[in-house]
Every structure is written in C-alpha cells, then in structure tokens.
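Let me begin by handing over the structure; questions about it come next.
The first chain written gets the first letter, and so on, giving A, B and C; residue counts start at 1 in each chain.
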Amino acid sequence: MTAVNITGLGVVSALGVGAAHHFNQLKSGVVGIARYPRDEDFLYAGKVNFTNRQLAALCGVQFSNYTSRTALLGLFAAKEALSRIKSVRKFPAAFVNGATVGGMDLSEQYFAGKSNPAQRDARVFEMHDLGANTTFIANHLRDFQYVNTISTACSSAANSIMQGAQLIRSGEFQYVLVGGTDALCDFTIEGFKSLMVYDSALCQPFDINRRGLNLGEGAAYLLLESDECIKESGNPCLAKVVGWANRNDAFHNTGTSPEGIGAQKAMLAALEIANLQPAEISYINAHGTGTLNNDLSELAAMEAVFEGQLPDFSSTKGAIGHTLAASGAIEAVLSITSLLGNCAFGNIGLTDPMTPSQVLLRKPKTKEIHHVMSNSFGFGGNSTSLIFSKG
Amino acid sequence: MQKLYIHQAVSISAQGFWVGFSLPVLRENLQRYRAIDADYKSVIPAMALRRMSKITKMALWCGLTVSKNTGLDWDGIIVGTGLGNLADTEKFLNLISSPDLGLISPTAFTQSSHNTLSGQLALQLKNHGYNMTHVQRNFSFENALKDASLQCQFGLKAILLGAADEHIPLLDHLAKEAGYEEADIDKFGEGASFFQLSAEQPSEIFVRDVLVKTAGEDPLQSIGAFLEKNQVDIDSTLLISTADTTYDFKMKQRSVAELAGKYMTSSGIAVHLACSYLAQQDYQYVLVWNNHSTNGLGLILLGHA
Amino acid sequence: MGLQEEIKKHLIEQLNLEDLTPGDIADDQPLFGDAGIGLDSIDALEIIVILDNQFGVVLDNPELGREVFKSVNTLADYIEKSRS
C-alpha cells in the first residue's frame, strides 16, 4: 500500500506567497486581513496583494480582461508548487482543483453594466464556469491525463486533496496535483452579508463575542506522489497525507447541527483511515470561520470526537480570512508547515475565548507535531477532514 | 476501473420523465428542448420545494424517486453538473446589481452553490455519507462516474449517482452575442438523470469502463482503441452520442441530442437511454460518446450481463 | 388592507409559500418550528428584509427576532411600535 507523499507546496494569500513565508507570518501572529474599500465604505477582507496584471506577468501569461482572477491566483500557486521539484514524465499526471467562485469576478461585471448596454460584454462569461478555470490552469502547466474540478463550497479544495490521495492510494495515478483557488468578488461578499454573517469588524473565530466571518482569497496546491513515483523523481517527501474523509451533516442547507454531526463523522472516519487514535493528533487547524453557528458546532464536534481531551487547536482564518474553496488547500499547506516547523499556530482575534482550556491557542506554540488534522466544512452539510503526518 | 452495476435509473428531460429501464414512446422531431416538469410536489416536501429552481427540482425529483424505489441508505451521493444553479446565480447577480441596494434577500445565494444538488439530496434523505459534486464542463458526469468507481474501491457499496444542468434564457442571449447559429441555440437542452449504482450487488446492466480525453484526438482512433482494450465486438455495440455527428463508425448509432437537446451533462441521459437498449437486449454493449466538444471526448462503455 | 393582511401577503410572496393564501395563516399562529408553518433561519433573514424594504422598519438586534417573529400579530405589533 503506497504512501501518499507530498513533494510540492504552493500558496498565495493575504499573507503573501510561499509556504515558508506563511509559516513565518503565522508564527509571528501577522494579520493579513485589512480594510478593503467598497463604494464609499470599507469592509475587512484578506485580499492578495497583486493586481490581475501583476499575477499574469508573474505567471508568464498574457494579460486579458477575460481571464478570471481565480484562474490567475490558481496558476500562480500551482506554478509555485511545481517550481522546486523535479517533474516526472514517466507516469501520467492528474490534476484535481477545488473552486466555487470561478469566473464570477468577471461575470458580475456584465450585470453591473446592465444599465448601460454599451458596457455589457458577453465575453466576460468565457471563464464563468468552474471547469474553464481549472482547464486554464492545467493548460499552462503540463499534460494531464485526468483533470477535474470539485465544488462543494468551503470544503472544495480539501475534497480535491482527498480525491488526489485516493487516486494515489488506489494505484490509478502516481503523480497528482491537488488544491484549490477562489478570488474575492461581490457575489460572495454580498452573499455572506445577506446571511448577516459578515463581520463588519475583524473576525474573531472561537471567541464568545464573534460576529461572523471576513472573506479572503487565494490559492494553494500540493503535489502528491506515490512511493514508486518518488523513487523515479527523487523529490524529497515533505509530509504524507495519511487520513481523509468526507461526510454530510444533513441538518440544514447553510447551517450546521449544534452537535456538528457531519464534522464528527468526518473526523472519526479520517482517523480510521490514518489508523490513528484521537490522542495522537498533535494539532488541529480548525475550520473556525468566526460565525456563531460554525464555531459552536465545530467545538462541540471536536469535544465529542476527542472525548474532552482536545488537542491544541486554532483557526488561521483570523490571519487570512475565509478563502472559500481555496481554504481547504491553503490551510492544508499551513498545517503541513506547522508539522515541519513544529509550531502550532495561534488563533488570532481572541479576547474572550469560547473555552477556558488553553488548548484553544491564544498564541503560537512551539511543540513536536507528529500528526496534524485540518478540517473544512461547507454549505450543503459538506464536511471534510484531512490528516497529515511527518514524512 | 471498478465495474459498476446499474440497478435503477430516473431522468427528466424534454422527453418527460423516465423511470426505470423500460421507456415510454420517444418524442421525436422536437423543436425546443425544455425539460417537461414532473410532479415535483409528490416527492419533494413543500417547504424545501418552494425555494428550488428548476435544476434543483429536477435533480431532487430524480434522486428522491430512485431513493424511494430502493429504500437504501446511500454510502455516497455523487453529482455532476456543468454549469450549476444558473437561475439562482442570475437572480442573485440581479439583486446585487440593482441600483437601490436595500437589504438583500439571501435565498438565491444559498441555493446557488454547485453542491446544492448533492447537499439537498443528503438533507432530504438525512444521509450522512460521502457527498461530492464535480463541475468539469462537458465531463462533469463522466468524472462523477469515475468518482463512484473510485469510492467503491474504498468500500462504498450503494451509490446514488446523478447529473443535472438547466437552461435559462440568458444562455441563448449570450450564445447569440458569441456568434452561435440560431439552429445550434435551439438545440440547447436541460435535464437530470440519477442512477442506483453498486460494485458488489450484480445486476444485468453494468458500466465497464470510462475514458475522458481532454485533448483533441481523432474520435475514430480513440473509440477503436477503447473498444479493443475492452475486447468488445463492434457488431454487438450501439453508439449513442451526445451531439449529432457525421462520423460513420460502422456501428449502429444514434444521438441523444435529438431527444433531449444539448447540455453539458447530457451523457447522463445517454446512459439512461443505453440502459433501456441493454435491458431489451437489443445490444450486448452500448458506447456513450460524449462529443459535445472537438477538444477531447468522453467514453462510457456499458454492457449487458 | 389591514396590516396583518399586508404582512401575510408579503410573507407568502417573499418566502415562496406558494400553497398558502392569507386565509391559511392565522394572526396568532406560530410561524417557526414544526408546530407552526415551519419557517426556518433563512426565512427569519427574509423577514428582516421584508421589514426593511416593505415597511421601513429595521431589526437591529437579531436576538429580538425570536420574539418579534413569533406570529403575524407580533410582527404587526413591532411594525406599529417602530413607526410611532
């Protein structure tokens, strides 16, 4: 049974570029969320500090008004993931991408210009659908025998990592690039505002006074290789994907059950695949969006699974915002850096923690981390849990 | 690929609704391809139904009908959709683009996620199992099918697999602006197809193999190689394509486009049609050829035991 | 049209309660939960939108919502109080 080896990491978010850089920023407690001007007002969001033009230039592609920001962020992070590794041509490659926004940043321009027919340009829809964004990224990287997009709201990229791990474990593929990308756009900002869960202040995950989330944007990818492939490529194994599971909460379309049933089932199933006991998890990178509902359900779920013996845990969304489809992959990369750097990250924004227990980390904690769990929960009750271990 | 047995199929399209492998008389010579609504109320609870746009209604009606007929607690619910919930997306975009931005109604946003279909099915069935949505353009259904096979390798037994896409008038408008011919625009269709799959429990009809190629390749060559790999005799095989074609494969062939129109996941209904031919034992094999795009192809090989 | 009738009309329209007419909703009938019409948390948000867009009334404190949204009568009371 082959291990699922992680040999490449690429990430871009409001904190900047690169896994090592993100580790340093999080260890120092840096907040990437900032005021983002909108009309005559502002809101807090984790915006990536590059324009589309800059991203296109960095990716080495021609800038176009019809290329979505989601695709550019994705290509940028994907190239980063493949940059320091030796490519393998012996085995066919697969690419699984998580997305929800896709080309919405362009499509909404069409609607914004609706009052003025001269401003309406149908071409902005060319990259609307999610698959088009994935195909754009794939076409600028290399040949892939299998290309797929998974869209399950906030757990999209986590599910992409899971599918990649399964493709390797099953022997169907030896070399799989997995991850996700989403750009900030009016659609999602207004969407979460309409649900009255967008915090007008800096978000405070797992805080008693939490008021909601701050959105973010970004992308992250991991390169997965089988044991046979790694022998061929010689790429060092950074960490391993050892556990994965997807389950459904089946409680409400957008809300989660008070007990976090879906989350519980996903965590337990992932532990079973990893052949680990709950006590062996050193650190959990929680979904922790900062909404009243999620953090309550998630804490209840963790307490149930770990039977009151919670490991150290934190949400990193206070630093980068909720990056929607990309969150599962960005946070997977962050989890892996915590594993490699032996440092569990602090939960930013705490003033009145939901639990007095010190396992809800008020600040970064240096410790030996052997196994780290990363959780992502999305609309439609979608619940995914991943476990990474040292290589 | 893990062989998958198909036990049940339910579809909605311009052909009306199909339940099971024995189909009603096919409606030919259609001019337009809007799916004919089923009696959604009979299967979907009113308080959930009231919020649903057509794609969700179609998918739920099909998925819940399959579920009712089998009484199984699914290990997995897997859905493919090319464009997702277009009506809700358009509705919310109109809301947020409106000049008088008062408080905005959240319902359309909550219904617009691509995984609304798989999520709502889990919700209505109180199903806690594996739940996945694939959105890879024309190959969304093929990828969902491949995922079903993959999950069976990891122990899932009963899987509800489906596909759905809807049509909205905006699509016609955008296609016109993009220079599509009127005749092609008239062919835009919509529909949903759901299946009960099992890797363990045998049935007369099964999926033998699935292939997706994302680069342009000679279809004659690809199909020939695919059939040869599976040791399938061309004479006992029917070819069902998702779009009309002028290629002659020296096989009996028909297009599902003339029955249900063209939509990204119409290979789903092509598979349902394939099941009906296999159930009648007209053919030993049916090859579903997804030829929506000249850039790549999808092949699903189905057989009769 | 009385205020209660007007509220019912908006509820039916905005919440897509296609099968109901104003006559089907009693003034004091619970709107939420299984014992009532069966509205949920998304409906609560939609009612906040109705209060604002149709009646010019803002519900600042979501905690108040539970009491205010109990029935058509409590909604009418809140609207009248806010207007005066």
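Miscellaneous remarks
The criterion applied here is as follows: contacts are C-beta pairs under 8 Å (C-beta built on N, C-alpha and C of every residue); 3 or more make two chains touch, one makes a residue touch a chain.
Quick caveat, the model's predicted, so the values are computed rather than measured.
Compare each chain's C-alpha centroid with the centroid of every protein C-alpha atom shown, and the nearest one belongs to A. Of all chain pairs, the one joined by the greatest number of contacting C-beta pairs is A-B.
Centroids of subunit A and subunit B (each the mean of its C-alpha atoms) stand 29 Å apart. With each centre defined as the average position of its C-alpha atoms, the distance from subunit B to subunit C rounds to 39 Å. Of all residues in subunit C, those touching 2 or more other chains are 40, 42, 45, 48, listed in ascending order.
In subunit B, 103-106, 110 are the positions where the chain touches two or more neighbouring chains simultaneously. Counting partner chains per residue, subunit A shows two or more touched chains at residues 194-195, 252-254. Remark: subunit A residues 99-100, 107-108, 111-112, 114-115, 122-123, 125, 129-132, 134-135, 138, 143-144, 146-153, 159, 163, 166-167, 169-170, 172, 186-187, 190-191, 193-195, 246-254, 261-262, 265, 378-382 touch subunit B in the complex. Subunit C meets subunit B in the complex at residues 14-19, 38, 40, 42, 45-46, 48-49, 52-53. Interface residues of subunit B, counted against subunit C in their complex, comprise 46-47, 50-51, 102-107, 110. The part of subunit B that touches subunit A in the complex is made up of residues 77, 82-84, 89, 92-97, 99, 103-106, 109-116, 118-120, 122-123, 125-137, 139-140, 143, 146-147, 150-151, 153-154, 173-174, 177-178, 212, 214-215.
Within the complex formed with subunit C, the subunit A residues making contact are 194-196, 252-255.
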